[in-house]
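Next come two complexes, and both contain subunit A; in the first it sits with subunit B, in the second with subunit C.
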Partner chain A sequence: MMAMGGKHRPFAGSWLFATVTVASVLLALPILVVITSPLHSAAPEWDHVVRALLPEHLKGSLLLLFGTLLPALVFAVPSAWLVARTNFPGRSFFRWALVLPLALPTYISAFTYAALLGPTGSVSTRIHALVGVKLDIMNMPGLCLVMAAVLFPYIYLPARAAFVAGMSGQLDAARTLGVGPWMRFRRVALPLARPAIAAGALLVAMETLNDFGAVKYFGERSLTTAIFRSWGGLYDLGSALRIGLVLLGIVALLLWSERRSRGNAAHTTDQVPLQRQRLRGLRSLLATLWCALVLLLGAGIPIAKILLDVFGGSITWSWTEVLPAFGNTLLVAALAAALTLLVAVLFTFRERYGARAPWSLHLANLGYAIPGAVIAVSSMALAGVVDRSMVLPFALIGSTGLLVYALTVRFLAVGNQPLRAALGQQTRALDDAARLLGASPLRAFVHINLPLLRPALLAAALLVAIDVIKELPLTLILRPFNFHTLSTRTYELASIEQLREASLPALFIVLCGLLPVLLLDRMADGRA
Partner chain B sequence: MSNLLELDQLHFALGDRTILRGVSLHLAAREILVIIGPSGCGKTSLLRLVAGLERPASGTITLAGTVLNNERTHIAPERRSVGMVFQGLALFPHLTVAQNVGFGLHALKQDERQHRISEELRSVDLEGLGDRYPHQLSGGQQQRVAIARSLVMRPQVLLMDEPFSDLDSDTRVLVRGEVLRILRAHGTSAIMVTHDREDAVHMADRVAEMRDGAIMGCGKAEDVLQFPDPEKGK
Partner chain C sequence: MRTLFVALSALLLLACGAPTTDNADQPGEVNVYTHRHYDADKELYAHFTEATGIRVNIIQAGDDELLARLEQEGPRSPCDVFITADAGRLGLAKARGLLQAIESPALKANIPAHLRDAEDHWFGLTMRARLLAYNKDKVDPNSLRTYQDLTLPEWKGRVLVRSAENVYNQSLMASMIAHDGPAIAEAWAKGLVANMARTPKGGDTDQLLAIGEGIGDVALVNSYYVGKLLSSDEPEKQKAKALLGVCFPVNGAHGTHVNVSGAGVARHAPNKVAAVALLEFLSGDDAQRVFAEANKEYPVKPGIPPSGTLAAWGAFVPDTLDLALLAKFNAEATKRMDAAGWR
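Our next item is the complex of A and B:
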């Protein structure tokens, strides 16, 4: 017979809950450092930063933000509608191919477009020779277009998922009320998909604010480049942190607006099977051309340029330069993915079996919303405190450990989200059944929840690893001396105008990026 | 019959919503008590309180003389000697039938565990199906796995939450008979909740009728079920 226990015996895994709380505080520290930065007295350089740097760079960030969002919406929403709700030649190819631009970091796309359409770009010079018109994409509108062409899939994916499911009944009802296709799209589909579109637009906004490589290469100004200037140029970490706080304020405002725009939108599921409208004649041709154009801008042109540079034969590759960067990249990606996953698993356990989650757990999950440069300078400030106190036998600043820690802070939400979503799909009755069969929360989690999370664990590890491989600003600031990764190598070569040489590490990054992009495509439709 | 399980003045709320209002019930050894009532009346919450998956706001739960819950005590579900068959069954999909049934026996030695699993599978007519996964079984077989998984722990009380709700009407009649046979053969004391009066007639020694978080009446099945069905009577 099952034995009955005594009173109030504490749960045997409560030490684990305490560990989770400690881990969440450690991971929330860089965010706290930024938030509390105004409490410390300002450096003498701060006045100069406020007068000379901040207004121009703030204006640049806002211009870049809205200038990117608008074309990204134009690229994403019609493409998502066409692919989700209509049938035209190439639809099934474009359905997944339109996600491909996500494999390209914005800085790589920016370098390739500059090499083609910059003032001395190969296409610009030919056009100038032929018709006398001087093309130059290296300005704010050009930068916004390049960023939008790469980032639009963040909106395309959720918009497509929203258009595919959840509105068939309403669209049919509108049809029976005599509403034509355009009005059905504008008055029924768009309002219903608005929360999904807003969520995607938020991601585009955060990626835009985070960007450093493309903005710097195009010679534009943003708050991220201001952080680099005040830290790298003026050696003023305090001012860099304060600029980070301004950036954080914009991100908080964006998060708030997205939440507001989501309102009380309810998720609905279709009772009616999806019927795609078959496009014919000119309409069908236009649909194919539109999707082809968007794909070409986002992925076709940059990838073709990289492939031409790598396999064009005009350069002898120095593998001895690329392979160490490749090795370092894999090492950092593997370490960061492993640490992120470990923390994410502990967090999901705490959320599933613990009572109210501590504030630090929520704060630690905000890292993805905070630009990499901000996390880098705050981690640097923290490491400086630890190094000065000499509690560790080695210096944190300039160590791989600090880089991996900061990457974990930045990408924890990327690892956590798939696990939370997958765990949310596991009925609580499984936990309850395990508990009633005598399992402690830890045993129930390890033997029941965790094995069922295997696909989500794999997806999370992959997504984190690829984000780490593509990451640039944080890695640039925190990498150990003389430590190159594929992203820093690509950036360094491009910034000294060795664009062709930069294409080999860029190709490695793009190839690494393709796998999770396709995985993401499957997850967006709930098929993974 | 002396009482095995006693519930005394149980109150329970979820946020601002009161779910149970002073529920008192008892269960004798080897007795099957069926709680019947419409959806949302608090039947499942009551079972979850007995299982220890929720804590009552006030009231006492006593099992075989041991207080499981009162204002100072809350014994964790895994230490209560209470088994439960969930609505939807909650079989572990990544474990075989034998692994499902043996999940709670991890403290036993391998030989003894195997022996107990085989014995239990035999008692529910699932011999030879131990290597299958839940999705490879019929609805009725899955039902028996869920019962075997609970009974193998030799619980003092078995709780069953709408155990036949996922079955079609023909299978339901068959499985209901089998479950009753298994419970009687094991001499198990059980509380089953259902909104189906026919289930109650066939399974119950006693029936308690519940509405709006309170017990409206409790007695022999034939007495309580003489009352008109409040849902059909309207």
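Our next item is the complex of A and C:
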């Protein structure tokens, strides 16, 4: 392929490819630090960790992983199908509203659910007084449900986009052949949407594996809590990094199986306009109720609780504190989203037009699964080498640059996944046509592939921005002096158990995430 | 594409070079790395700036993360003062060579010897006691004289405590190892686990609320959270508030376990003079009163009374164990808690 484009711009490809490789190596470095930790970090308590922590915490992580994925799929896929392919009362509202849970950090949602339905929650105690039943959501099933209710939009969005585009012809054919609606969904739509669903499920999986706040508060065990137990309790960062390595192993396995499941799925573009089936009677009622339930669990209940706390009590709050935090949040989110997107575009270009992608490219995509604090530590370890050597006139640690870099490492997969999925849907015939007409790979990519990717590009940027807005541990430690974001402020209050006071910055996080969420909704299905 | 790339690179370079530490060597500034997130602290920094003209720059984050940052920054670190809410982490910072000895008669006068480092690397600023809150309707405090009492059969299914991941549980366990050896400490932890009302979940406040709901009758918690809850006017907390009694168990022949929030001057502090001034200010009368009143912590300076809420629980005898030992035994404590099945 490279030889074909070589006529006009012989070195364009290789120059860009080299840039991509350098960028991917740079971004893979912090992950390499974790992977190579057995070589450079002593782990004095490793025997104890293997014996006393790993079995239970590994079990916890796997339970949490599959326990969350299953309800997340149940929340996401049927509602995506209903919204994309049928018509029922409230459809156009649910269409965008079902994206809302994305704006909520999982730990905030977990706190609100515990305050309502935990053993001492306000709803639990009332139910106990009324009917004598003791409710307690603070256990593994409860945790999975809470996580799934917040994280399902990662699947809902790509699934909805897949149901809207690219399968009208097949569905029409099935209908004319007399296939009923249920079978059309199960046998035609679901297999066609599988790559998109799998890509979303992968994000949910990684988000679940790296969660710390919610898991810790619910008193459950996972590999991530084991990392902090080793680091903070055993004073053994080496063992903590090795546990991170186990986490990476699980994710590599998931990534591999997702790639296999995607296989060589053929993609077509729609020749037939989209037609929504109008639901009637009981069916339309059930559709409305189902979407309402999912929305209530994911966003309605937690946001209502936050609003109650904010407006129900007397909370002191100064605008001089919230405005800079608001500004910083937006600044960091915009910078990190821009850099992540740039890198993601380069990566997808490299994968589309290059031969085998370098190992660093795959490695760089693993950051999403590693707890933010671990990425922060490994980034600092790298930056520390540079800083202590005094080669730069300024220190990297404590600079906004290092913060943005580390955030990019952490969220690259979030930006990369939707782009790769969308590019996978573009037929190779496009590339070949451009190349036959003498365009270089770069030219073909910029003029043919990229414009078609525009919706996915925006979606990717917004997803990263939302994630950065919610992000906590990495920002907490890498920020410069006197630099607050909304999530650092929320954390400061939540960590001293002032949950009611924490509701106000939490509300601003939700508001801050709302704009990208709504934009995201518009972009997800292209201009549909 | 290309313009976007150039614009982004320029923006990032700007971000990298943004002056974050350029003021570090000017007089009139002090850079603080702190694990404490209290508004009371912010208020105190503002007072300090008012009194001295020295500006206080802050980074708040987890203590392990801050220690990692200090280590990686090395001689180039802008940090002047490291503050954390656990003597174990202060000891760790000292052991890793991240702090320096400070010669200050004022600090020595303000802070009792057992609450500061013997070699003057760190100084305790406030104290928290690991005490027991109990259901006044169901529990006679005379049956809870020691931590060991919690392991008696009569408490089966009645004890509330949070996860072993909590640093104050770790430091209590470390103090027991320091006094009695690891085997006896582990046996105690096993007895405690056997008597737990539920698997540990939530924070200290959640344990107190659980007493209000009858989930357990006695909670092993940090004095600070009890003080906060008892002075709260939130409706959900009133039930527990009305039910709670407080007592100070002792560790066998020793006193009640205390841990400190404390501070040390960073080894490479660019503003050492200002750093020492800040520490002296925080150990002085005015600051100690703010810690006591606004934040419900026990002041370290003799003669400064605790807040009325805490004073009502009566005086207690703190364990005078050398707090440096908490760092020494923290890892052992965590291992023994793991072995005892304390989640």
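Details
Here, the second predicted complex is superposed on the first by the 331 of 528 C-alpha atoms of A that agree within 3 Å, B and C clash if a C-alpha of one lies under 4 Å from a C-alpha of the other, contacts with A are read in each partner's own complex, and residues count from 1 in each chain.
Keep this in mind: a contact is a pair of C-beta atoms (placed from the backbone, for glycine too) under 8 Å apart; a residue touches a chain by one contact, two chains touch by 3 or more.
The shown structure was predicted, so the numbers you read here are calculated from the model rather than taken from an experiment.
In the overlay built on the shared chain, the residue A:219 is in contact with subunit C alone; subunit B does not reach it. In the overlay built on the shared chain, the residue A:176 is in contact with neither subunit B nor subunit C.
Look at A:41: by the touch rule set out above, it reaches neither subunit B nor subunit C. Contacts of A:390 after superposition on the shared chain: subunit C is touched, whereas subunit B is not. Counting the residues of subunit A touched by each of subunit B and subunit C gives the higher count for C. Within the complex formed with subunit B, the subunit A residues making contact are 1-9, 11, 427, 429-430, 432-440, 443, 447-448, 451-452. Those residues of subunit B lying in contact with subunit A across their complex are 48, 51, 53, 63-64, 66, 68, 72-84, 86-88, 90-94, 103-104, 106-107, 149-150, 153-156. Of all residues in subunit C, those touching subunit A in their complex are 1, 4-5, 8, 11-13, 15-18, 20-21, 31, 37-38, 57-66, 68-69, 71-76, 78, 92, 162-165, 167, 170, 198-206, 209-210, 212-213, 215, 225, 228, 234, 236, 240, 330-331, 333-335, 338-339, 343.
Those residues of subunit A lying in contact with subunit C across their complex are 45, 48, 52-53, 114-115, 118-120, 122, 125, 128, 138, 216-219, 221, 225, 228-229, 231-237, 313, 335, 338-339, 342, 373, 376-377, 380-381, 383-384, 387-388, 390, 394-402, 404, 446, 450, 473, 476-477, 479-483, 488, 491-493, 495-497, 500.
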